[in-house]
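The same chain A turns up in both complexes below, where it pairs with chain B and then with chain C.
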Partner chain A sequence: MRRSQGTGKEVARLNLLAETLLGGVLVGAIYSLVAAGLSLIRGVMGLVNFAQGEFMVLGMYLSYWAYTLWGVDPLVSLLAVALVLFAVGFLVYQILIERVIVGPPIAQILATFGLSIFLANLALFVWGPEYRAISGSMASGTTTLLGVPLSVAKLIAGLGSALVCALLYAFLKYTRFGKAVQATSMNRTSATLMGINTNRINAVTFGIGAACAGIAGALISNFYYVYPGVGSVFINMAFVAMIIGGVGNVVGAFFGGLIIGVIELLASVYVDPVLKYPIIFGIYFLVIFCKPKGVFVR
Partner chain B sequence: MVANHSTNQTPMEPPVSRLTGYRWRIVGVILLLCLGLVLAPAIINNMFFLHVMIMVFLFGGLGEAWNVIGGYAGQVSLGHTIFFGIGAYSSVMCFKLWGITPWIGGLIIGGAIAALVAALIGLPSFRLTGIFFTITSIALGETARILFLNWKWVGGSIGLELPILGTSWAAMQFRSKVPYYYITLGFTVFSALVVYILSRCRIGYYLRSLKEDEEAARSLGIDTRRYKLIAVMISAYLTAMGGALYAQYLRYIDPNVVISYSISIRICLVVICGGVATVLGPVLGSALLISLAEYSRALMGGGGRGVDLLVYGLLLMIVVVFKPGGIIRIGQKRTPTGKRVSV
Partner chain C sequence: MTKRWKIALSVLVCFAISVSVPGAGVTAPKEVVIGVISSLSGANAPQGRDVVDGHELAAEIANGYYEIDLPLARGTGLPNLGGAKVRLVIADSQGSAEVGMAEAERLITMRNVSAIVGTNQSAVTKTVSQICERYGIPCVNDTSTAPPLTQRGLQWYFRATPDDHMFVGDSFSWLKDLNKAKKAGLKTLAIINENTEFGAQIAEVERTAVSTQGFNLVADITYSPGTADLKGEAMRLKNANPDVVMATGYTSDAILLIKTLKEVDFAPKIFLGHRGGYALHEFVKALGNDSNYICTTGVWAADIPETNKTAGAINELFRTRTGRSLTSESSRSFTAMLALLEAVNRAGSTSPDAIRKALLATDISASQLIIPWSGIRYDPKTHQNLLGGGIVTQIVGGEFRTVWPFQAASRDLVFPLPSWSSR
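Here is the complex of A and B:
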């Protein structure tokens, strides 16, 4: 009798662990997608885009309004959101980034930082500080995966993010344009000499980075609250993921995101939810001071 | 080569006299402004005007403090709210626990603690450069906020309230806003003087040189890490003073008020928009941005919906693209070398 009770507890504990790990991987995949865009931009043009979180917020609001006003499901409007965010990123590059890209690094930090403040408070000004949520979309309800109960929205968001990361990787690895992006990231001068229009590569890369954030936003709008300040939560996690994975390394950023997601959930389940960010920042400090090139580099 | 050629042709005398004339004019304008500011409360007895001026002076002084490390040394910190919070908390805690007057508890003990913390943080952080230093400072600020939110001894998320004692110079509490006006004015003048002296002595030149090219500065024998540490300690001390004054003015503090990312942003923006690595830039930036923020908040009523930060963000982008030296450099010619002034 006591024995079966013991195993019952054991099973419950294992279930909790499995749930935590799986949830962590799914949340982590979203961080991965935001971080991959961040890392790609940094790799190609040496600029860290502070406004990446706000691009994500924009994606969230777009899919929220498409659903609320026209009844278009977030999963349906996903592609349109990605295209809009790509256009936004492309334009932002043409209007703002191109002017500071040759300037001192501090000007680059401040330009995207100003953009981030501007967009976050524009969202606050236009849509107000209310927490909004989508209910009753296609991705609702729960399912079980490997015996672990999960919300469908989270499952789709996690798997979708991972899929987009894989597509991004394939794009960089196998297409002609992707190879040009890689070449620019390796050596800008040589790439220019090889006839690559590096300025256009920059603009398109910035657009792709913004689209990554937009897709992440659209995917999480199914289960996450939509409010103007949500971007800062995700950008911090994406920074940490990027640093862990090694700056400019898209694959590294992907695994960095997964690590952060798992740590976040483990910390909030087994330590204390309020301490999850200090723990993650602690890991960030450890990595940046001890292994500034990322944990995957020998 | 071209620049050399032209300087050889023109005699030395005119530029020097023009420079001193220009400088005298600036000194005159500053003296007149100071006189006006000292007399202002006697003439304009409007509570809201006084409040705006107090905030302008406070952020002017904080901007000067940030300018030491962010402007002259070129290390863009977005975590200065840590030092601000330390100043505010030291002042209130010293008074509540041991009855130490805020003049000592905030302006001296708080500053000293902040300088010590700055040194401890700076030692590892100054190995990082550019964006990584900035991101790390954000992460440090957020970590500090969360730790203070959960630190019961300092009131946690409930915060701390100062006992209301009416008007008392020893407790730095006043019913009227006028004394706060003069105290914060004094803070700005003090900070600006510190920056003025720093910018004209050896350390100021060291900081500027390491900002332009750290490798070159080090190869000339400048111990760049040591001077960055000195700079951040001075900056932290002054920032903590501002934090203490703010706590005395509000009489209530909690981590979300005094250790928030938005305070770091405001401190930094005041300097960037006003003019980095100048003595008057931060004050000018504060006069423009903070009064804009306070008046727009009053105009939009209550929430204000972040319209001030909206304008800040827009202004920051415009300044970075069109006038990287800040608004104070509008109308100024380019530097004698013809080089762009780096932000």
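Here is the complex of A and C:
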């Protein structure tokens, strides 16, 4: 009897751990996708895109309105949202970033920071300070995985983010254009001398980065509230993921996001929820001091 | 005497009369300028907007003529100031204590406001009231409930809303009434709160109350507001399995917590929010049916107009202006603003000192209010309204309905909270 009680407690403990780890991996995958776009942009053109969170918000609103106005499920409109965000990113580069990319770093920071404030307030002006949420979409309800109860929307978002990160990696590794992006990231001058149109590479990269954020926004709109200021909630985590993974390293950003997600949930469940951010940012500082190029860079 | 001399003498005589007769030559101000500070952007914008909508309606009631039994309604403008109109100057705190402080200074020094009303966040009220104290400008607080705000010995700060001691006290009275009258068997309790002034102060009051009220605290969770994920917090609640969850948070966290509790499939017997995000229409709108059966402390419910005709009339005016019904936030901000304007009218002056004296002499009866308070009378020392009161509401069909005090309840409490799978 006592033994069966002990086994029961052990099972409960293991279930809690499994739920924590799985939950952490799924939310971490979202951070990964936002961070991958951020890292790609930073790696290729040396620019920190503070507006990445606002691109994510734009993706959320596009999904929300497509669902509310025309009944198009966020999973169906996903590709269209990605394309729109790519176009937005491409245009933002042509109109704004191209002008500051050759300027001093402070000009670049102010440009993307200003863009972030502009987009957040534009969203507030256009859509108002109202919290919205999608309900009854294809990705709703709960399921169990390895005996752990999970939200279907979060499961799809986590798997979707991982898939997009994998596609991004394959694109960079195996396509001609991807190799040109990598070459630009490694040495811009040499890439230019080799005949690569680095300005075009920049514009497309910025578009891809924005599309990553847009896809993340579309995926989380299934289970998260939609609000103009929601970008700032995720962008901080994405920055930490990027630093842990190593700036410019898409694979590193992916694993950085997963690490952050798992640590966040482990800290909430086993330490104290109020300490989760101090722990995460403590790790961030540790990485900055000990491995400034990221933990995945040899 | 030439014509020119006659004119000069006449002007001199007129001037002499004007300075010798008391009151003559002093014209009543054409308008009374009141500053309003609220969070109109950032995560708390919905709450801030709701609160300001209440202020604006109160100013409209004072400025226009309305056949309603409220102070200043039957008449245009403030009669004791020659019908002067009220003009509100609205400032955005962005939810930041520092920005709120800067805005208070700007309103006082550049916009010459006679008083400031606000704010919807205790942390912002703390700094704004200090600026008002420094400049000697009345600061009337509408919805901040942190108890220490009235314990600082400030001379210019007045609070119309009841504080957390009263709201938390109500919560425990309700739980004990449920145990007594309905044999609810509620024993264990969990606290979950965000860690700004608002959540931290309520949690502090709750911790003290739990043991003295005979309940067992099984989880005490604090989190940072605006967090990306509340899954760990929800799992802790599920693990502790309390009968009652008492939650304090602003809109985004309130929505996220309920969504996450559904995800981890945990429904306590009672989920009680302490106003903030839990008392707003945005909470109901964003969650839809998942907001049903959540309870909150407050001062407003959809059934109040059924027993208070004045409240019904004001609610209709509010709906016409905003498309929404009043909430515990907007009904309190409306009340605080109208009580201030009533004091300004009694003062018969826009001088901050006269307004302060009039505020101290405020004595508004329950029949002149739209919310279930016994009246408004400020404590001469702390300046806390001594006659405030509260109710407990439950969301049913998207509307806040009174469930306590039992004699004021328009329907029975849905108890226990139905499981997520049975909805």
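In the analysis below, the second predicted complex is superposed on the first by the 297 of 298 C-alpha atoms of A that agree within 3 Å, B and C clash if a C-alpha of one lies under 4 Å from a C-alpha of the other, contacts with A are read in each partner's own complex, and residues count from 1 in each chain.
The rule is simple: a contact is a pair of C-beta atoms (placed from the backbone, for glycine too) under 8 Å apart; a residue touches a chain by one contact, two chains touch by 3 or more.
Note that the coordinates shown come from a computational prediction; the quantities given were computed from them, not determined experimentally.
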| request: Identify whether chain B and chain C fit side by side or clash on chain A in the overlaid structures. | output: clash
| task | Could you look at A:187 and tell me whether it touches chain B, chain C, both or neither (first, second, both, neither)? | result | neither
| Where does A:15 make contact in the superposed view: on chain B (first), on chain C (second), on both, or on neither? | neither
| query | Does chain B (first) or chain C (second) touch A:140, or do both, or does neither? | reply | neither
| request: Using the superposition on chain A described above, determine whether A:118 touches chain B (first), chain C (second), both, or neither. | output: first
| Touching A:274 in the superposition: chain B (first), chain C (second), both, neither? | both
| First (chain B), second (chain C), both or neither: which does A:129 touch? | both
| Touch check for A:289: first (chain B), second (chain C), both, or neither? | first
| said: For A:151, using the defined touch cut-off, is the partner it touches chain B, chain C, both, or neither? Pick first, second, both or neither. | reply: second
| said: For A:109 in the superposed arrangement: first (chain B), second (chain C), both or neither? | reply: first
| Intersection of chain A residues contacting chain B with those contacting chain C? | 121, 124, 129, 232, 274, 277
| Of all residues in chain A, which touch chain C in the complex? | 16, 19-20, 23, 27, 31, 121, 124, 129-133, 135, 142, 149-151, 154, 223-225, 227, 229-230, 232-234, 237, 261, 264-269, 272-274, 276-277
| note | The answer for chain C against chain A in the complex is residues 40-43, 45-46, 48-49, 195, 221-224, 226-229, 231-233, 235-236, 239, 251-252, 255-256, 259, 263-265, 282-283, 285-290
| task | Please give the residue numbers of chain A that touch chain B in the complex, ascending. | result | 48, 96, 99-100, 103-111, 113-122, 124-125, 128-129, 228, 232, 236, 239-240, 243, 274-275, 277-278, 281-282, 284-285, 288-289, 292
| Interface residues, chain B side, partner chain A - complex | 74, 76, 78, 124, 127-128, 130-132, 134-136, 138-140, 142-143, 146-147, 149-150, 261, 265, 272, 303, 305-307, 309-310, 312-317, 320-321, 324, 340, 342-343
